[in-house]
Amino acid sequence: MYAEDMSLKIALFGITREIVGTSVIELPAPAPATVGALLDELRKQYPALGELRSCAVAVNNEYARNDHPLHTVDEIALIPPVAGG
Amino acid sequence: MTPTLSITDQPIDIAAALAAVQTDAAGAVNSFIGTVRNQSGGRPVRRLHYESYDSMALTQLGHVVNQAYEKWPMLQEVAVVHRKGTLELGDVAVVVAVATPHRAESFAACQFIIDTLKQVVTIWKREEYEDGTEWVAAHP
Amino acid sequence: MTPTLSITDQPIDIAAALAAVQTDAAGAVNSFIGTVRNQSGGRPVRRLHYESYDSMALTQLGHVVNQAYEKWPMLQEVAVVHRKGTLELGDVAVVVAVATPHRAESFAACQFIIDTLKQVVTIWKREEYEDGTEWVAAHP
Amino acid sequence: MYAEDMSLKIALFGITREIVGTSVIELPAPAPATVGALLDELRKQYPALGELRSCAVAVNNEYARNDHPLHTVDEIALIPPVAGG
């Protein structure tokens, strides 16, 4: 089936990289393949993500809302609370 | 009017950032320089480590600067340079410099850029103390 | 915490003014740089001449900085350097730099100092145009 | 008489120096010897001073009010509208 063939690569930074233990993970796409479903799946696998002040998802360098669709070609990243400056 | 935006693992050249925004048409240059403080919330800090998601950080920085140009149409030149990697006490972490014809707008635009940068630009800071490290702002 | 205050007929060394305020305890440095614009109120400017009553200017500048220390007790370091004499387009006329632990106060204190300086410090500006000169703000 | 022996030196800057034509003038002290009386006397002798947006008097490097007394030892200056920065 199409959905099962599809996997997503997710880049990890800062504390999310430490929580997951690697800088990129590859996951089967959740169904539906949206930002919200991806976050739910990741929080189930890595409960420490749920303890963060916030955890956003970026798609192709832009912050994405929960209903944003995900595709295998997308550059996807977890964005824990930023602290530049 | 193309802004100078960069993220670098090399020491920041403040004079170059200021020179990048100066023009004969802009009489006012405001700049903000953020340096590594020796303490954070009363706790002694030994050094900082900045991690950056460069491509997104530059994309978001571009949005921030575009918003500033929309809010202050007289804004002429902008430079933002952010350091990444390991920084020692006193090292410069970020420089924002803006040039405008009149001074009030230079302060407002520079403050908007640094304030908004801190909210959206994908750079993470890990503080190193005597007895460990912590990702700043990660937890409630 | 002794502020660096000076009036000089030599080109202003911006890097020195910024270095004068940087400390490991102050993470935020805001600076304002005023340069000679190529126009004033739409009229092309060729160059500027600044005249200073030095002893009073430094006295009043000291008052301004003391007021800033009263308003922002966390203010750590201040430098103000004002040029006098003849300045060409693009030359730096004034630099104000302040260092504070947190950034909002660095903007507020720097803006207060430059705004108040312009009201009370005894320096006069004569603009030179194609067809004459004028003392700025002298007449209603 | 004491008042007639007393003279004041007044430093001039910017446009006031141009109006008066010199950088220091020496005047017999007005009676009473106050900032206000000095300004009245100078505006009488140099009407162009009255056309300025403002003209303050400084005594010993401080702005002085109209009732401030003047003495021969004081450093006195006319302060036309400032324009630093």
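For reference, chains read A, B, C and D in written order, and residue numbers begin at 1 within each chain.
The rule we apply is simple: a contact is a pair of C-beta atoms (placed from the backbone, for glycine too) under 8 Å apart; a residue touches a chain by one contact, two chains touch by 3 or more.
What you see is a predicted model, and the numbers here were worked out from it, not measured in a lab.
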For this session: Report the inter-chain centroid distance for subunit B and subunit C in whole angstrom, where each centroid is the mean of the CA atoms.
Result: 23
Exercise. If you average the CA atoms of subunit A and of subunit D, how many Å lie between those two points?
Worked result: 74
Seminar exercise, completed: Separation of the C-alpha centres, subunit A versus subunit B, in whole Å, is 27
Exercise. For subunit A, what residues touch not just one other chain but two or more?
Worked result: 85
Seminar exercise, completed: Going by residue number, subunit C touches two or more other chains at 34, 103, 114
Exercise. In graph terms, nodes being chains and edges touches, is this line, ring, star, complete or other?
Worked result: line
Seminar exercise, completed: All chain pairs satisfying the touch rule are A-B, B-C, C-D
Exercise. Which subunit A residues qualify as touching subunit B in the complex?
Worked result: 11, 13-15, 18, 51-53, 58, 61-63, 75, 77, 79-85
Seminar exercise, completed: Counting only contacts in the complex, subunit C reaches subunit D at residues 34, 50-53, 55-57, 59-60, 82, 93-94, 114, 117-126, 135-140
Exercise. Contact residues on subunit B for subunit C in the complex?
Worked result: 14-15, 18, 22-39, 89-90, 101, 103-104, 106-107, 110-111, 114
